[in-house]
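Note that chain A is present in both complexes that follow, paired respectively with chain B and with chain C.
Moving on, here comes the complex of A and B:
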């Protein structure tokens, strides 16, 4: 029993890492633009396909694809921003929700159109490798994903707190008009925040290619779990997304490991209800309410 | 002439708020625009910062067409705006607020020097530099707002109701500081409901009533004007 518990806990924490990374991406976009990007799951799918394209061409494993995926996702983000997001700036939140939901289906269907529905895999010895610590097993891909998440989250944290660009993003997040008075081109900071968010979704996709099949609907498991992670963490707070992601991973890990494989989503749903009941603003949220 | 506003009309949607406003600020001058709540003072400053459009008229700054400049470019040209409510970035530290003040490229090199000046003028900001700016008192926030505005080494400093929400003694101090700043050659445009204070530090003044300028004169003459005393000062 203890073995099952600890083993489930370990895998839970590790799979929570990807939720956290994905959630931090959504959080950066929300933090700066005050808009929730509902197309992130489909961006993640495109991250997976870009990784697969890289593999198909070079034969190298997914981790070599990081620069390629960053560039592709950055370009994708830039186009989405110019064509879809920018015209919406200043309009109400509902239109952003509707448009990003629509975009989500578009990106998913585009993937289906281009790559078909049959699952693709990226074979590599890493897929099945694991680290053995005593009697516990840690899957290597999940471990790498977790470490990558930690590195990227710290990088973003440093960007936001230690650089001029980061401070400009925080200024824009708090008071866009004041930011403009100070000389900050807020459209540019919005673009950069959006690009970082989309790149994070893409990297999340890359990191799970050794774990899941690449299909146009592979993002669907993130549609609930990762957004719930962001909500219970307190929307708009990076620490919150990090902790929320790991908590959701752990709950999912414990429920699937100790109760039943099918009940993971139920556990996550219950966690959401519980947190909303006790602390509606989430762990780190300040209870800011928008219309 | 540093700033010249000619026949400006503006408003929100169908609602016209400003009617044929013509006024100017000379180099090195302190000008106060006074009028009661809802007269359109804030709207005018927001136009000057590029946050609201105009319907007609011309605005020039240093001879250049101001409305052709993007709002975020105006800091580069030397326009600093302390908005109503001070515009402090509460989630950034006091020091970070000052650092953000030096965002325009032309003044980045002078950042350390200007921060030192700010600390010299307001030692309390030095003591609180690592605190979140949101935790400062109203008076301290106004000091920070002024210091941050000075970081861009402005040609024109615009203040929207600097006295709002401050205790009378702090208000007095604030206007002393504004006079100090003016002595260093910065042109200042103050927008106020608090006529007496605003006109006592100004060279010239304008009175605005429901979107139209109704009077322009030397500030001291406006203060002694019987009609104004009756309407605004309750004398």
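Moving on, here comes the complex of A and C:
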């Protein structure tokens, strides 16, 4: 029993790392634009497919695909921003929720239309290898994903706090009108924030290709778990996304490991309701509560 | 004014008469079954409209309520031989409670919380249906046991009775929505949609009003789901409780026109017929499903009021005045 508990805990923390990485992408977009990007889970699917295309062409390991995926996702984000997000800047958040969900559905089914429904895999020796610590096993791909998440989160933290661009982004997040008056190009800041968010979703997709099959519906587990992670951590807070992601990963790991393999979404759904009852603004939220 | 209204209602009555005699001129089940789909989707979208349109709270778990109605119908009629009409209270009761749980957690907050919670809840309901496979047959789904044409069991030889049933269900949802919008709570809700803080400062209990609207919408959805299941004759978690269905319900309502009485009805016919037409060219998976997403994006960017707004250009002034009236009354 203890073995099952500790093993579930470890795998929960590790898969929580991917939720955290994905959640940080959503958080950056929300932090700057005050809008939740519901299409991120389909952008993740496209990240997976870009990785697969790279593998199919070059035959290289998926981690070599990082520059390619970053460029492709950046281009995708730019197109999405110009066509869909920009006309909606300044409108209410309901229409943004609707548009990004429509986009999510569109991108997912576009993937299905282009690549078909049969699952694709990217074979590599890393896929099955693992690290053994005592009697517990850590899957190597999950471990790499977790480390990559830590590195990227620190990079974002440094970007926001140490660079001029980061200061401009934080100023825009604080009050766009004032930022514009101070000479910050807010449109450009929005574009960059959106691109970073989408690239994070794509990288999350790349990192999970050794773990999951590449199918158009692979993103659906992120549609619930990762968004709940962002909410319980406190919307718009990077620390919150990190902690929330790991908490949700652990809850999901424990529920699937100790109760039933199918009940993961129920566990995290209950966790969401519980957190919203007790602390509606999330762990690190600054209390945007308005009742 | 009076004359104009009567012309409008005459058009409506004319359309209803055409709809009622339409099956007499059609041979073959295919056209009828598509129309039944349109009717039921219009009805589901009308339910969605109560909270999503009039309330401005975007819900993505209406498929769960449909599934609750559908499963309570099939489980009671297959295992206990109870007529679907008596399974309605069960579905309504469960939907009422589920809506209360979601609403209590999220309606005190402002922003995307409600949408995220409904997505999560929809997923949880689907998983629970799969998990309790002793009762629900899990992912395999349930077939209705056909014992010949029988009105009380809602099993018929062809889809024409379902066509009339669909019209009745749709008119029922339209009627309930109409009565709701003309009720005190309905006016409160539209005031909340206009400006939540202002509405609250006028003494409206925002939380309670939103919750009531959501519960009404949920209960009505499960009624539609109950009859829709009998039409489908086979239900499975992926077909009735999935995010895809919630998405389609929302898209039908939004494309037709949110916060308008006949918008979802227009949306039901336009969207479902469009999807049927495109699936002939692109195949049922992927290609034609893209249209839902594309429609949603295009409508929100270019015509947020929905397609129905194209039909009533000249009384835009009217609706503006009406909205002002509503606000004053609230």
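Keep this in mind: the second predicted complex is superposed on the first by the 288 of 291 C-alpha atoms of A that agree within 3 Å, B and C clash if a C-alpha of one lies under 4 Å from a C-alpha of the other, contacts with A are read in each partner's own complex, and residues count from 1 in each chain.
Here, contacts are C-beta pairs under 8 Å (C-beta built on N, C-alpha and C of every residue); 3 or more make two chains touch, one makes a residue touch a chain.
The structure displayed is predicted, hence computed values, not measured ones.
Once chain A of one complex is fitted onto chain A of the other, the partner contacts of A:36 are limited to chain C, with no touch recorded for chain B.
In the superposition on chain A, A:227 makes contact with chain C only, while chain B stays out of contact range. By the touch criterion defined above, A:137 reaches neither chain B nor chain C. Of the two partner chains placed by superposition, only chain C is touched by A:262; chain B is not. Residue by residue along chain A, chain B and chain C are tallied for touches, and C comes out ahead. Residue contacts after overlaying the shared chain place A:58 against neither chain B nor chain C. In the superposed model, A:183 lies in contact with chain B only, and not with chain C.
Within chain A, not a single residue is touched by chain B in the first complex and by chain C in the second.
Interface of chain C with chain A (complex): residues 56, 58, 60, 101-102, 104-106, 108-113, 115-117, 119-121, 123-124, 126-128, 130-131, 196-197, 206-207, 243, 247, 250-251, 254, 282, 285-287, 289-290, 292-297, 300-301, 304. Residues 164, 167-168, 170-171, 173-175, 177-186 of chain A are the ones touching chain B in the complex. Within the complex formed with chain A, the residues of chain B that make contact are 49-51, 70-76, 80-81, 83, 87, 89-92, 96, 99-101, 103-104, 148, 152. The touching residues of chain A, counted against chain C in their complex, run 36, 38, 84, 87-88, 93-95, 97-99, 101-110, 112-113, 116-117, 216, 220, 223-224, 227-228, 231, 235, 260, 262-266, 268-270, 272-273, 276-277, 280, 288-291.
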